[in-house]
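In the two complexes below, subunit A is the common chain; its partner is subunit B in one and subunit C in the other.
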Partner chain A sequence: MGGAVVREYRYIGKRIPPRDAFDKVTGIAPYVYDMELPGMLYVKLLQSTQPHARIKGIDYSKALSVSGVVAVATGRDFPFRIGIYVGDRDLLAIEKALWVGHPVAAVIAESPRAAEKALDLIEVDYEPLQPVFDPIEAMKPGAPLLHPDLGKYRISPAFKPRPGTNIANEFRLSKGDVDKGFSKASVVVEGEFSIPFMSHVYMETQAVIAHYKPNGYVDIWSSAQSPFSARYLLAMSLGMPVGRIRIHVPYVGGGFGGKAGLGWEPLAVMLSKKAGYRPVKLLFTRSEQMRLAPVVAGVKAWGKLGLDKEGRIVAYQARFIFDSGAFGDYTVNVSRTAGYACTGSYEVDNVECLSYAVYTNKIPTTALRGFGYPENHWVLERLIDMAAKKLGMDPAKVRSINLLKPGKSKTSTGARLREDAGDPQRVLEEVIGSLGWGREPSSTDKPWKIRAKGFALSVKGPSQPPDASSSAIIKFNEDGSVDVMVGTGNFGQGTVTSLAMIVAEEFGIPLDKVHVHEMRSTNDSAYTWQTVGSRGLFTDGSALLEAIKDAKSKIKRVASAVLRVSEDHLEIGDGKVYVKGKPWHYIPLERIVMGYLYENGNAIGGPIIGAGRHIAELNTFLDPETGQGTPTIFYTFGGTGVEVEVNVLTGEIKVVKAVQVFDIGKAINPLLVEGQMIGGFVMGQSRALYEELIFDEMGSVANPNLSFYYVARAKDMPDEWVLKIIETPQSDGPYGARGIGENVMIAVAPAIGNALYHGLSVDVRSLPLKAERVWRAIREQNPKLYKEALEAVKRSIRESYKKLREALVVAR
Partner chain B sequence: MSSPYATLPEFEYARPSTLEEALKLLAKYGEEAKVLAGGVGLITFMLERLVSPRIVIDIKKIPELRRIEYTEGKGLVLGAAARISEITRYMDSNPRVREKYRALYEALSRIADLQIRNRATIGGNICEALPFMDSYAPLALFDAKLRIASVEGERETTITDFVKGPGFLDLAPNELLVSIELPDPPRESRSGFSKIVPAIEYSVASVAMLVANPVDPRSREVRIAVSAATPAPIRVREAEEVFRREGDIVDLLDAALDRMTSAIKELVIEDPYASAEYRLEMLKVQAYILFKRLLDSFLQERG
Partner chain C sequence: MKVRFKVNGVEREIEVEPYELLADVLRERLGLKALKKGCWRGECGLCTILMDGEPVKSCIILAVEADGSEIYTVEGFSEDGRPSPLQESFIRNAGLQCGFCTPGFIVVGEYLARKPRISKEEVKYALSGTICRCTGYKQIVDAVLEAHQEYRKE
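After this line comes the complex of A and B, so read on.
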């Protein structure tokens, strides 16, 4: 790269601790959960006890007589449906209850205690209907219908529900000719895979305070990822002018996609109105969170992969059935994304991927970090290893042959991959190098514990509408410090820290002179479509750079007059505006950003405000028949390697080493990127090994708590970490950066699955890889291994005994 | 444990400072009273409305119930309201006591997390009456005596007689578990505890084992107790008896553990978190590994 100028940065690329750390550690960080307003009322929701039932009547007269109860609402009060893509959601059950947990009534009271007391006094008369819990059963003709009026619902154009069935969305990606492709295959592998329902388990459960005011304005404080999109959808749903709704979002205790789109704001708003325009607070206990707030869809999938004798993928076919639960919400788009991105990091000419979101009488589902990619990777990245083994080829080699080549290859949707999309080949090499792939795993001192290695690659791009946009505003203060107004949320990712670093870098001012308020308000934060899809830094960062440029040019215009040089000859840095080549001719920023005052009292300029924006460029809708088009603004390539220790006798898996490699273009703050790599791995590991919502015979969540729904703890973390950041800059990203937030967890499950496959010759295709499931697989698929391990224990008992006896003889 | 409720049902609260006072309250309120020690179980049960006592009797301030005391020859006495972390800390500062009751120490020190162990009590753990309570197998192993009191007097029982099954205790509404006494284990014995916690917070199969004089067929002793896999804790005496036969201890192990399996097979729990087949096999597998660990611990002592 002869001649390239390497820019020296003061902040960019530096390991700077996240800004929210102090607030969170000291407990001063505000959350909606903790907020109280004067005159505020409390809401409690009555959950359906039936999975599918006509509501013949609700008697809440006794509830109304409880002291402190202000009102009780039922589905009759709100006879309309809402939803981000498919308008299938009710605020409270309308006519029918669709799952055990479906809110059928809401009590509004002066205290939580009064609300809960009243809740127990409501009587609901149900007429049970035939429920359906299995999505494959639900797809069959004649299955009980959850939404007989599906054909009348409001549907967003990119989605295709099938009225008269339980299919909330159907998506088809079709490219080339799969039959022809498979006919050229030397090996074909296929299999069924499954992923259970899961909970996001963000620390702060859903919380919303709504105040419908008599003047027609609505103020909402919500634990939401995306205040602007929530506001827009809310306005659409309630037929209100967008500008009359103000959504305020303080710190959010985790989101992981579960707080994207529209949450419980519409219900809270309507209840505030019903309660006589008083503010109401709706918040969930963990149990409510896991029984009635949207969770994550279970998936039943099938895949078929063909390789020719050189290891080239000649055809790929897959089908994903997302068990959407009672509402489609985000899951229709998650399933669509799983379909259109089904070929992962590889170039495949012949593809057919079908995906469905299907209604069942279970808790509704929504987005989760990864958004369809963890699901499609669990199929494809496992099949590649199976096919490679069958062909007798190293799975790393198979991947290398088939990887997408930036600038040359076309992705699954037929879009040519941009030249500067990253370096997937190097990602692969770093993963296998750091893992020591090809070298035997280390042995353990316990003969019943076996170590094994596996890896998988991953790719992730934001799934967003082609016109998704962002903006940023910066304004200067008297001391030359800067207030930054962005819309991107503040729920643990660290984007805000990186944005502050960008401002400090560009003006050459100390980082502590950049202020980003923790509160997002739709009326005074800059607009951003949503904080989802790993897009925050890319889109809002780009908008911020434009805002900085705008502010700089305004500063230079004033400085040009004061310093008497052309604007082109001015530079801004070190907190000054100065003449290029003669930096001793300068004005400190604080003397110019509120207007420049001459000695005689004349003044010019005025307070400096910069504004910037970003919109996806050259994205398209996808073809409704073939799924072809350009759906993303970037793809981030990555890979995960693991070394696991498996207790052959119990099936327990311990991850001893984790390798995470991602080409993110530029790490604005490597400390935060590594935080994402570690956190994402642990979340991926938790989903791979432990997490599963269990349903009883009524389709009711049997483990709505963190005792029986286990989430990885500190003790479960890997012993050793290898974290590698590759920086192949993307020209339209801020400093070349791409998103990282989701990809970090996508390849973890397939990497662990592949480790079992290679190291123990055990093939488990259902998540989670719980101890008993692994134990059973070992006993069924590799009984010799189990027998040998048990024999080894018995042998070592005899050895210990022999030594003990000898020791005793010597002692005597 | 989970609840849609964020508030507790209304109740009266009493905090007696003597045992006598507590027993009087229990006699007065009977089934309408619930005893609060650490609250780990009671508060969650109340949140779930599984119980809605008229009065909650807090026994934390009764000094006698907070006792933790080891006396040579007599054994270890634990007051019912002694906290789990207090007990493990006591054992850490008295390593000889810790090694004597190693299986209990291992079980208690792995209950939940430190915050919970700082609240939870040994009596509460026992009275929660769920199969996976961690104190059960070790208490059965050490022949613990449970002292139960009421205004009418006192009686003594064992953990296996006291815990009848999920939610069922041999405890009358006017009675209170006062203390747990663990007699001295056999001299030069080693013990240990093992559990399987597969993707839930609780064990699905727990084993406690004690071995004394392993190389001497005349004086050797092996004790085995199980819990979590079965509705109530079991001291598996059928398996222990096998070690009284002729022959080396290692030659009898397979037969003993087969005996354990056949003795409890019909009782093993099957639920969505673990099959009966897995639980049963895990008892056996853990027993083998635990046995090896105990033999090795004799060796380490000598090496």
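After this line comes the complex of A and C, so read on.
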């Protein structure tokens, strides 16, 4: 692995279709959304109509009289808070409602219809309080406080909330001396940037079934990314033994970070108990999902970048204010990550990045694919192009000069980048090469439609606690096939297929003799911390390789006795254990994996089981004052290039060409890697061009549906794709692989922003780059271009009119 | 009210309330759980079925409106549990990730791939009524076009 010898692989590196595809194309794959249990009840939640209000009383007597209603619960029933990093969440509003949509009561009934009917009959007596919707206002002294008890919440050690304010977390990265750095700068650029709230729009809305049994065991079926951490957090907050809670995860209809951490399991469990220990199901419609379930934080940012006359970055300063909405639970870590990784793919000696997560009276927020990196890249990757232009230098050159050098450079957190971290220079070259950067974009047949090119680089590492761990178990069956037990989730990334390929490769057995269960269950899957941060293949793949090694050594021990050679002289491959150099001396695996039977009836060995584990080595906590330390197990380098066509008169942007380049160490399955590169691009494009949750004057989501919240459709995807995988192996990754799932969407928005900047001399710093915003920017910043386009269109109308008239004359 | 329709080749007769949606009747009453809902209001296309040969979104059609029609859901395209050529093409091209949208795309995909002639642009536009958040659509479009070639050979 990772050595100089190039091995011929049977499966690794091959384009193998996803193993669960059959279940999915035929529709037999079960999701929690589809599941029902005998005696199951349905839950509907009453949403607050007030953005910030004291709840003086809730009268649900009429609701209880609706036929089919079993029970009604309110925040009074569950007077405790939960969370993964900052325990600020309630199950149902406790004393105060914090946003329009905040669940204040739950109805449990025999049918969803009965529950819905009962919702209308609940009367809530609100005493309105002053709300605050803008995070900058919310940070000011004297702003209305959402969480006066912040100081009493359970806080995970890496986080620093400021009790008595709305600041859920404050993070500071500081290295070198920024003032001194800026004093050496030839050019300095700075600017304010913003990103709106967005919705994950995983196609399966939140769904959970919980059954609290009278014997103290809890069974949960959840559409979740992180059954193990959800179980642990649930046990802690309910004061239950971990082993009594079993979380089962069937197929999951997308997650993108939105189903990580702790979800709706605690509420469902408590409601099951409240309903007399019957199973209950919580399922959100899309509009419920978009008004009450956590979305993605909006960000207001500022950045300042200084280059010396050679183009070297001499100082960088940035500030990110994450609008976490009513709960900051997971967003505190997103904001922290945006801060500690603020210098992207570059080596910068003088840095200061501040990052905050701030409470406002809006829908709560959580993780999203990319986790702080799309946010910090939107600032830095735009500033680099602005600074390069000011300096009169090619932005590709500026990037090349400043890129981190594996083995030599120190990252933003002061950790030396490992020497096999990848080849960022080559990523850059491939991006600009494939994009044809430096060559004029092709022209269009309509002069008011202008083509432009832009690109950006990206880097991403998992943001996980230093002791986050994973494990894997493999066990053999009678026919020599292998059952694989892992914890890493299966919601479309393809990790499960790659893990099966690894097992088939290592034992030299056909892929269809490797069985990885599609479902996860905390009581019979191997443990993994969470399936987040692009970590699955790296961490769980490493654990799996150790499990394979373990099983191999157990097989060899038995074979050594049978074949009468030492274990060192045995090899496993082609479904056999054989003597090195004498492959004709062998035992087929199926004759040994359940125990070897001699001719006289003696038997040795027994069923073979291999176990393996993984934990990050040499990671550290970050220094609480300076943010210095080693936060991650790998960084994946990548880059995105785009050619866009902009309609100058309408501001509409069409992406005509996409270039995606990533150094992922090793593509175990290029077909599925490409799937990530394409899917991530379109998600990134969708966020860059269309997506934004709109809030009305009550802070309420005004577009909780998929008509007014537009996500990219098939017609929006680029016409031309260039997908390049670079393979600079990382010695501690499985077959040299690094993670890819998130990086694929990080550079898309800055690449498009940079294309506008270069091609149209229009600088837009707020996302999304929607038509109206771009149209306004063109009119304000480049009125000449707009005028020319207008003239061109008038000319073309006149010409067609003339042609039409001539035609009419002829016709007469 | 009584409605009669043919679902995946089988005659069904069922008592429905006038307000019941076709999607709910197919899914909850007839157990065709491959049919998914992603928006509940005609925006996402996940609940697409073929009704008298045309793709329609079953979450915005009343069950009573389907009286007398012939309906196909994703369950109706595989024969003896074997995937159809289009379903095979989705597998080969990895035209799916989480799979939640897949039943909707298979239904429209069958409709498109079986047309005598379709262009890539037409496929892109026709598939734009259905949302996939995972794949970025390229592999889905490729899968439909590839299956189209196969159906033409038949």
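Just so it is clear, the second predicted complex is superposed on the first by the 795 of 812 C-alpha atoms of A that agree within 3 Å, B and C clash if a C-alpha of one lies under 4 Å from a C-alpha of the other, contacts with A are read in each partner's own complex, and residues count from 1 in each chain.
By definition in this document, a contact is a pair of C-beta atoms (placed from the backbone, for glycine too) under 8 Å apart; a residue touches a chain by one contact, two chains touch by 3 or more.
Worth saying up front: this structure is predicted, and the values here are computed from it rather than measured.
J.: Is A:681 touching anything from subunit B or subunit C once the two structures are fitted on A? First, second, both or neither.
T.: second
J.: Quick check on the superposed pair: does A:242 touch subunit B, subunit C, both, or neither? Answer first, second, both or neither.
T.: neither
J.: Contact-wise, after the overlay, does A:671 reach subunit B, subunit C, both or neither (first, second, both, neither)?
T.: Once the two structures are laid over each other on A, A:671 reaches subunit C alone.
J.: Classify the contacts of A:21 with the two partner chains as first (subunit B alone), second (subunit C alone), both, or neither.
T.: Once the two structures are laid over each other on A, A:21 reaches subunit C alone.
J.: Under the stated touch criterion, which partner chain does A:707 make contact with: subunit B (first), subunit C (second), both, or neither?
T.: Touch status of A:707: both partners.
J.: For A:597, using the defined touch cut-off, is the partner it touches subunit B, subunit C, both, or neither? Pick first, second, both or neither.
T.: In the superposed model, A:597 contacts neither subunit B nor subunit C.
J.: Go through subunit A and flag every residue that touches subunit B in one model and subunit C in the other.
T.: Touching subunit B in the first complex and subunit C in the second, residues 285-287, 705-707 of subunit A appear in both lists.
J.: Hey, which residues of subunit B end up touching subunit A in the complex?
T.: Answer in residue numbers: 1-7, 196, 198-202, 214-215, 248-250, 253-254, 272-275, 278, 281-282, 285-286, 288-289, 291-292, 295-296, 298-299, 302-303.
J.: Would you mind writing out the residues of subunit C in touch with subunit A in their complex?
T.: Residue positions touching the partner: 33-36, 38-41, 43-44, 46, 73-75, 78, 81, 83, 87, 90-94, 96-103, 106, 123-125, 127-141.
J.: Given the complex with subunit C, which residues does subunit A contribute to the contact?
T.: My answer: residues 17-18, 20-31, 33-34, 200-205, 251-256, 285-287, 491-494, 671-672, 674-675, 678-683, 705-707, 711-717, 721.
J.: Help me check something: in the complex, which residues belonging to subunit A touch subunit B?
T.: Within the complex, subunit A touches subunit B at residues 47, 112-113, 116, 283, 285-288, 290-291, 448, 649-652, 689-692, 694, 702-710, 768, 770-772, 775-776, 790, 793-794, 796-798, 800-801, 803-805, 807-808, 811.
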